[in-house]
Each structure stands twice: as C-alpha cells, then as structure tokens.
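Mind having a look at this structure? Questions to follow.
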Amino acid sequence: MQTVLSIAIDALAYGMVLFVISIGLSVTMGLMRVVNLAHGAFAMIGGYIASYAARDLGLAYGFAIVLAVFGTILIAIPIERLLYRRIYGAPELTQVLMTIGITFCIIGIANYVFGPTLKTVPLPPQLQGSVDLGFRAIATHRLFAILCGLAVALALWYAIEKTAFGVKLRASVDNAAMAAALGVRTEIVYAVSFAVAVGLAAFGGVVGAELLPVEPYYALRYMVTFLVVVSVGGAGSIPGALLACLLLGGIDTTGRYLMPEFGEFFFYLAVIAIICVFPRGLAGRAKG
Amino acid sequence: MSMTTTNDLIAERPAKHRFGGGDLIGLGVILALAVIGYFLFPNNLALLTRIIAIALLVLSLDLVTGYCGVATLGHAALFGAGAYAAGIVSAHYGINDPIAMLAFGIVAGAIAGLICGAVILRAHGLPQLVLSIALIHLFHEFANKASSWTGGSDGLSGIAPSALIGLYEFDLWGRTAYVFGVVLLVLVFFILRLIVRSPFGMLCRAIKEDPIRIRSMGASPKAALMKMYIISGAVAGVGGALNAISTQVVGLDSLSFTMSAESLVMLVLGGTGSLFGALTGTIVFMFFEDVVSAANPFHWLTMVGALLIAVVLFAPKGLFGTAAAFVARRREAK
Amino acid sequence: MKRTFLAALAALAMSGAAYADTIKIGVVGPFSGPFALQGKNFKAGIDAYMAVNGSKVGDDDIEIIYRDVPQADPAQSKALAQELVVKEGVQYLAGFYFTPDAMAVTPLLEQANVPLVIMNAATSAIVTKSPLVVRTSFTTWQTSTPIAKVAKDAGVSKVISVVSDYGPGVDAENAFKAGFEAAGGQVVEAIRMPLATNDFSPIMQRIKDSGAEGVFAFLPSGPTTLGFVKAYNENGLKSGGIKFFAPGDLTQESDLPALGEAALGIQTTFHYAVSHDSPENKAFVEAASKAIGNPAELSFPSIGAYDGMHVIYKMIEATGGEQDAQKAVDAVKGLAWTSPRGPVSIDPESRHITQNIYLREVAKADDGTYYNKEVQTFEKQGDPGLAAVK
Amino acid sequence: MQPIFEVRNLKRAFGGLAVTNDVSLSMAPGDRVALIGPNGAGKTTFVNLVTGNLVPDSGDVRLGGETVTGIDAIGRVRRGLVRSFQVTRLFLDMTPAEHVALAVLQRDGRSGRLFGNFLAMPDVMDEVGQLLGKLGLRDLMHRKVSEIAYGQQRLLEIAVALALKPKVLLLDEPAAGVPQSDTGRIEQALADLPADLAVLMIEHDMDLVFRFAKRVVVLAAGAIIFDGSPSDVTQDPRVREAYLGSYANASHAA
C-alpha cells in the first residue's frame, strides 16, 4: 500500500511537471494549429534567463521566474512576426521544417553564448529540502511544481472558457474568416496566444529545471516527450493535456518502478494503445 | 472508330506523360551526378555512398509521406531493419555475399514496413505522427535490448561483405561500395518511377487527396497504403543494407528518431511528392551539412537551421518543388 | 586504368608524408549536439598539449583537422575517417567519443596505413579489432572495478546496482559485480534503466525497497546524472544512510557546479580528477583552461586527448615523419611517462593505457566550488574488461 | 422482373430518434426512380445505410438477389452499387482521364498494378475516351480537375460512376450548384445513362425530377409516404401536406 501511494505521489509530481512544460505547446498546436517543434527551445530560453538572473545576478527566485517569462516573450515577439506568421495555415510538414530550423538556430546560439554545460536555477531556501509526508519524503520543489501545474491549468481554463479573449480565440480558431468579419482582429489574437504559449513554455522550463536541467540540447532532447503528451491528450484541450500528463506520468513511473529495464517499452506501448483507442487523443475534438 | 480514338488520345498526351522521356532524363541526371561525384570527390566516396544510402531512405519516405500523405517521424525503423538484417546475417551467420545481404535487407525492410504500416495507419495527423514516434523508440529499444544479436549501443561489428559478384572487393577508397550504391539507386529510382506512374501509384495519389472518395470507388485505402508501406520498407531496406555493407558497422543510430526526423527534413527540403524532390533534398542537405560542419565543427548547426528557415521562406514547396513550379509557370507564360 | 588511378591516389596520400613538412592528424568527435561539451574537451586537451610542447615534431609541423559526429553514427564516422585519410591525407586518426564510431573505423586502418589513437571510447573490445589501435583514455571496466573494493572496505556487503541500459552501463554493472563478489560482497539486485529517464524517483523507491546498504550507479555524464543525484538526496536515501558508489563519469567536473551540494560526499573511482595534485597537472590545467575558455567546462575527455597527443608525438618522433602505422604503434608499446593524471604506460599487449585509478570524494573548496578530492590510489590498473570479454 | 435492388424494413435510430423508420424499396433494372423529401427527412441517412457507411439497426439491403447488409461500403461498390456525391469529391490534382482510368482499372481489379501506365493501355484509354467523349469532356481530359468548371466536374462525377459499370447508381443531386447554362448537358447525360441501369436519384429540383423519373419516392420523417408515378405525386394529399405545397413554389421561383 505504501508503495502504491509512493508511486502515485511520484507519478503526480512528474505528470504535473510535464503538464507545466507541455501545456503551452497544446495551445500552439491545438488552438493555433502550428506544429511548433521550437517549443522546447523557448522553454530552454526561459531556463537560461532564470539561471542567469538567479545564479549570476543573484536575484530572487520569484523575480527570476517573472524575468524568464517576459524575457522569453520579448525574444519570441520578433520571431513570431518574422517567421511564425509565414507558416500559420501552411501544411504541417512546412511548419515542421521551419520550427526545426528555428530550434537548430537557438541550440547553436545557446551553445555559443552559454557553453555546453548544465545550468541550474538555484532554489530559494523555502523550496529546498524535502517534506515528510508520513510514509515518505518528497522534495519541496516538486510540491511547488504540482501547485504551479494546478494554477496554470485553472488560469488557462478560466482564460479560454470564461473571458472575452477566450471567446475571440475560440471563434478565431473555429473560423478565422468569420471571426474577422465579426470584427475580431485575428492576428492580434494569434500574437497574444503565441505570447501566452511561449510564456508558459518559459515558465515550465524554469519550474521543471530541477527535473530537466537546462543545457543547449534541451530544445530537442525533450521535444518528443512534449509532443507525445500533447497529442495523447488531444491538442488544444486543457483537461485532455492534464489527464494525459497524469496518465502517462503514472504509466512511466509505474513502469520504471516495476520493471525499469523495460521502461521504454512500457511507455511507448501505452502511447500506441491509447492512440489506437482514442485516435484523436483523450479529449480530441471531432474537428482536427 | 475505336482504334483511331486510341491513337488520337496517345498523340494528345501531355509532354510530361510521354512514356520514358522524363525517366530517361532523370536517370541521365543521376548517372551524370554519380560520374561527376566520382571525379570531383574521388577522395570522398564514402560520403557519397552515405548520401546514396540516405537518399534511398528519403525516397522510401517520400512514397508514404509524399505520395500517400502519411505523416511519420519513425521511418528509420524500416531503414534500420534492413541494415541490421544485412549486418546480422553477415556477422552471425557468415552470409557475406553482398547480394544475399541485400536480399535479407530488403525482406527485413518490407517486414518492418508491414509492422509500422499496421500501427501507423490507425490514426491520422498529429496522433499518427506520435504513433510513428512511439514505434521508432520501440524499435530502437528492442535493438538495444537484443544486444547479443545487434551489439546494442556498441554497434554491430564483424560485418565482412565478400567481393561483389566475386570480383570487386570493398576497399578503403570505397569505390566498389560507391558503384554498388549508384547501381542500386538507379535501379530503385527506375522502378519507383514506374510504380508512381502505375495504376497503383495513381490510386495512392488519389487516396492522399480523398480516401473516402476512393472507398466509394470500391478500393480499400488501407490495403493500398499497407502495400505502399511494404514497398517503402523494401526500398528503405535497400538503403539500410547498402549502409551496412559499405560501413561494416551498424549502430543504433540507424534506428533512431534523429535519423527519422532528419530524413523527413531532407524530404520536405527537397519537396514532397516527387522522387526528384527527395533526391534533391538529400543531396543538398547532406552536402551542406558536410561543408558547414567541416568549416566549423562547433557551430554549424546554426547554419543548417538558417538554411531550413530560408527554404520555408523562399521556397515553400521545397527546393525541387518550387523550381519545378517556376519552370512550369515560365513554360505556360510562353 | 583502374590500377593507375588507384596508384595515383595512393601516391597522393603518401606524398603528404614523404615530402611535405606538415603532418596532419584527423580528430573525430562530438563537437556539436548533445555531447558538444565532450568534443570541446577533446579540443582543449589537444590545444593544451600543443601549447605546452609546441606544434612541431622535429622539422614537421603538426596540423589538426577536426570532424564532427554529434551522436554515435558509425556510417558518418567511417565516411569522415575515410575522407580524412584519403582526401586530407592525415597520418593519424584520433578522438572518437563513442564506441561504434571507433569500431567503424578499425577496418580501414591497415589499408590506410594509419594508427588510431582513441581518446575516449570506453568499450574494452575496441583494441582487439585492429593491431593499429592505441587507447589513452580508460575503459568502463577499468574505472568501475576498484569501486567494488572501496564499497566492501567501507563495510557495505549488500549493494544494488543501477545502471543506464546501454553498452557502457552493462559493462559497469558486470565490472562492479565481478569485483564486488570477488571481494565477498553481494549484489542484491541489478537494475537497468532506460537512457532517457528523466524522473528517478521510482528508481530510488526500488533502491530503498531492495534493502541494500549501498548503491552502485552508472549513468553517462551529462543532464541525467543531475536528476539521479538529486533524486538520491530528495528521496531520503542519503539521509537514510544508503551509500553511493560510482565510476567518475557521474561526477565529472563540468557537472559539479550544477550538482552542487547534492553531490557532496559521493565516492567515485576514476582515472583523472582535474584537482589532481602534481606539477604536471597544474601545467595541464592552466593550458587546458586557457584553451577551453571557461575552466568550469574542463572534464575528463581533455586528459585522454592530451595524452593521446603525447602518444602521437612519440609516434611521429619514432617514424621521423614517415607514414608507417605499424612502426608507429610498435614504438609506443610499453611507452611510459608521467601524465597529468599520474604515471601511465601503454600496455604492449593490449595497447591500452595502464594507469592509476583514484578514489575521490566530492568536496567543497574554500572558494565555494565543488571538486573531486582524491583520497586513495589504486596503482597501475590495467583493463580487466578484456579478460572478462574473452 | 427480378428486382436488382431491394431495401426491406430498414431501420436506424440515433439516440431514440428513428431517422430511417421501416423503409422498403425495390428497383428493377432500367428503373429511373427519384427520391425526394424535405430537409431532415432522412435522405442522407438512407443513402449511408444503403451504401454501407452506416449499419442499420434492423432490415436488409439486397443487391441482385444477394443480401449485402453485412458487407462494407467497398464490397457493395464492387458488387455494383455505386454512388455519386452531392458536393463533388474529386482529386483536384489529377486529370479527368486519370479519374476515369482509375475507376476503369479499379473495376477490372487492375488498380493495384505496379507497372505500366494507363496511357499506354489501349483498352483503358478507349474506354476513357468514349466515356469522356459522351459527356463532352474529351478536350479537357488532360487538364487538372482544379482548372475545369464546376459543371464539368459534375459531369466527371457521373463519368467516374459510370466507369465502374454499376448495376445500381445512386445519384446525389447531380445538378446541385451547377449554373443554369450547364444543366442541359447534365440532363442530357442523365438521359443517356445505360438503359439497363437502375438509377436512384436524390434530387431537390422538381423540374429535373419530373423530366427524369418514371417513379417518385417521397421520404418524410424517416418513412416512405409515397411511391408512385410522378403524375400522381403532386396529387397525393400526404405528400402535399408534408412537403410539396410550399416547396414546389420555392423551387420554381429558383
């Protein structure tokens, strides 16, 4: 029983970290219909900024997060205007080519500027150490990541379902021409969504840095994981992504506990099984 | 009446359909490039051979992605299956005849194609992409696990192909491997040109556009796609076997996500849905990579990234696709 | 026609040796991509050697030509090696971070008349693939065997082995098991985990459940070691008194700033620590730090490269700049010298480097940085892996 | 005469709502039947049940005396039950010749052939030429479909269906969306359909129905409320009530 609980806690913590990092990708892929393979690169930029701010400048953790989010968005704005705008609505493979190209460039630049070593974001004393749950200990920053995940999920759900912007966004996604005719400035909606997605990536990059340390190859190393999580959840669905992260986190954690030597088999067979049962993802919408 | 009709129709055929014309030009271009390559880079034949092996993989990918519209980031599974099969029969069973190794590679590639097709064709779009990613990881992990057969991450060594048709040893200069590769590429290219123009090729193009319409014509899209996947596997198997024969070591990289993704990048770079596009993309990408990575082994990735971005901005249909469209426009304007 | 063409090419390749006074060395390694750091260390070691010993041997200028293989890719490695030999006319091949890449090159050596000096690739069997291979780095067997004795001496008799599931990981597991069981210990469980593991908590849970008193771990140096070591701390294994043993890949110097406090006290055995206290090493670290730019990036592949260059220089001296691979290799068999890592020699039989293996402990220096502090020396260690493979 | 096509007591409900409710219909070779009904009458569901894209809750579909209820859509096409689409579904990147050739080859079981080009197959080209010639598409046969007019695309739909040599042809609003100037060609094509072919046309345009059909079937609320001659249909009180009264006027106005 203790073991089961313990695995469940690990699964929850891992799943939530995945969620925080991947959810931005779900927004770009599901709502903006861009296969954004550069998502990991933005998460990495966020990580680098936070690491620089907290380690080299000695700024507070919270401040470093804010700086990372806005810094990454600032960097992403010209990229969106110059490059992404050209691929909205383009065939998927063209989007893949463009965003892989962007990722290569960012990796090369990161390697040049920051060097190939691992970078960490020093945690504030409050988040260091472990919390005793009675039956086991868990790292404090993991609890923090769980809370961040829940907060992000709630905030996004609220923004998309309950605000005027969410209405415009959903309208633009369903029918851009119609939304434009109704006076929605779709390019602004897209730009804002993109900024939100990038900001979420950066946020995830910082919060997840304890698990996925920042280094130049980060941008590609974890891309597959993000892509898998988002698609299994059903691109564009917040609850779907959350469910997928928890489910896959659970499968991964359980597999790695029970038979680590077949961990990869476990995970990817599960992915295949889920997609065969839910060909559009767990919360896939009929359209897509 | 009927005879004259037929003759009229054949006379009316547009130029691009004239039998053999395009094929001959295509084969001529490949052979010319092969000869130029041989004399221009006599010291670099291993690179050229590697380009040929990868070109076969990209051609194979074009069959399912370009002609049938299947999105896959796991196509190296077919290539790697061919490479490992050719390598294993040589390293473990002493079957060293290159032609026999090639045959094993083709069969293994086709079987891998059958398996991948059966899984990947169960979904569409993004989930399909993810299925292919899951598959390539399973293949990779399987090869890693079966290390007594595959050598695992240390690579499968001990592959010793004997002289080609008993006459030509595989030498340091890589000339035999290169000529072998060119012959294979020409053969495969010729066969694929026939296939993409055949009734079956036409059926696949139609499926890519509208699988539901094809069903209402009494054809099963799934069966056709499976068939194409097997053909594609055989082609990738040729590439894999060539790779195993010329390198004499097979590594896990030949079954990797990285190689799958790179082959897709090359295909899109050249232009999907055209065999020439696949070839163009492979040659341009690999040469570019070779040149920039030799010029600056530390920071060349940025240059490759810039190339990809530039292609999307200035040649959105891929290098060959955009060039072909440009020529077509010019011709129409005349 | 064919014959003359071949002869002409051969002459072209040879001419580099006979008449020109520039001797080229082709170095293949991961200079970009996920292992760029290791490639950078190759270059730093080579640059450092040439900075200290000059870029001339006798009258001959030495030129290094780098080629990049970002991830294990034998086909690319072979193509590049062939290009280096045939087109660039290199007399020596060196570098090679990954085993399959080195394996792919060995069939070329004899025909090309080129020795291969391996500066990293750590699978024992490579040296058996060609008599022209010399290795100046280490093998996983070599660095993982002594830690077994360390564990036993520390009073631990039940150990769980946890390794990444790939060639070197399996080597480490076998090496440790052989050593530990020979010393009278018991490996209660051997876990192999996928290379692409991000979250190690479930593994830590397994370690706890196994009832072992210590854990032996092997992961390739880089991002995953960070997660592993942190998980070891955060899941209460460290505080629970489960001792941590590993070969030095886990605590390579360039990862230590990131590992930080979490790594304190971890014991590893390895062939080289940047902190090694000797005049040779001081000179090396100074030169290599300058070459790499950021001293914090310095790590073990640099020493393999540095000593590899030493071997190549000796080979060039012995052959007088002529291209004669066998003579060159013969000249360094039994060669002994004092490397920055300590006294080393090339075993004439296996052509692998015999060296001291050090037990080190991660410690905090006065200036707040972390380093591997050498606490014990196992002298003149050969490669037990070769015997085990045979 | 033995019916070539029969539907017996076909039923299908969606969430308790009977969209096709106990429909029976029988057609003999050479029949020209028009199926009409107001929007929401269940025509689309009926077509999908007949073609095999939907599975009925109960009832049978029979083709040439054989029950095909358990056979999928592809199998039914191969047995001679062919449909055209209301909105053209053609392959925009391909030529009319390729469309028809594909259908011909598919019918003959040759569409899986890996070698040879249909352009070099005289028998295929003969048939392609004749079919396209009959429909006035000969001159366009090597143009891309995306470059030809909509009316011509509708004709091509009919050509593709005919190339499959059906026994029963379901035409789903063959003239929908075609400009007035082109409807003549389509009507001509319909009049020229093979005499032994059983044709079921789903149509809104009553003019076309009256000119084409020898028999009219009216579907309303999932059930057949009329099955008889065109001259009687306007007189039938149930039809008038359910449908025709308001609709005929609208149709004429358009």
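By written order: A, B, C and D. Residues from 1 in each chain.
Note that a residue touches a chain if its C-beta (ideal position, glycine included) is under 8 Å from a C-beta of that chain, and two chains touch if they have at least 3 such contacts.
Source: prediction; values computed, not measured.
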item	value
Fewest hops from chain B to chain D - one hop per pair of touching chains	1
Target chain D, source chain C, minimum contact steps	2
Chain located farthest away, centre of chain B as origin (C-alpha)	D
Separation of mean Cα positions, chain C and chain B [Å, integer]	36
Centre-of-Cα separation between chain D and chain A, whole angstrom	50
Geometric centre distance via CA averages, chain B-chain A, whole Å	33
Residues within chain A bordering two or more other chains	108, 111, 261, 264
Multi-chain contact residues (two or more partners), chain D	none
Residues within chain B bordering two or more other chains	141, 145, 298-301
Contact pairs between chains, per stated definition	A-B, A-C, B-C, B-D
Residues on chain B engaged by chain D in the complex (per definition of touch)	2, 5-6, 8-10, 12-14, 17, 19, 194-195, 197-200, 202-203, 205-206, 209-210, 212-213, 215-220, 224, 227, 231
Chain C to chain B touching residues, read off their complex	5-6, 9, 31-33, 36, 39-40, 66-68, 71-76, 78-80, 82-83, 85-88, 99-101, 103-104, 106-108, 111-112, 123, 125, 129, 165-168, 170, 194
Chain B partner contacts - residues on chain D that touch it in the complex	51, 73-74, 77-78, 82-83, 85, 89-94, 98, 101-103, 105-107, 110-120, 122, 125-126, 128-130, 133, 141-142, 160, 164
Residue ranges of chain A touching chain B (in the complex, touch as defined)	29, 35, 83, 86-87, 90, 92-94, 96-98, 100-109, 111-112, 224, 227-228, 231-232, 235, 261, 264-265, 268-269, 271-272, 275-276, 279-281, 284, 288
Chain A-facing residues of chain B, complex	65, 71, 119, 122-127, 129-131, 133-135, 137-138, 141-142, 145, 257, 261, 264-265, 268-269, 272, 298-309, 311-313, 316
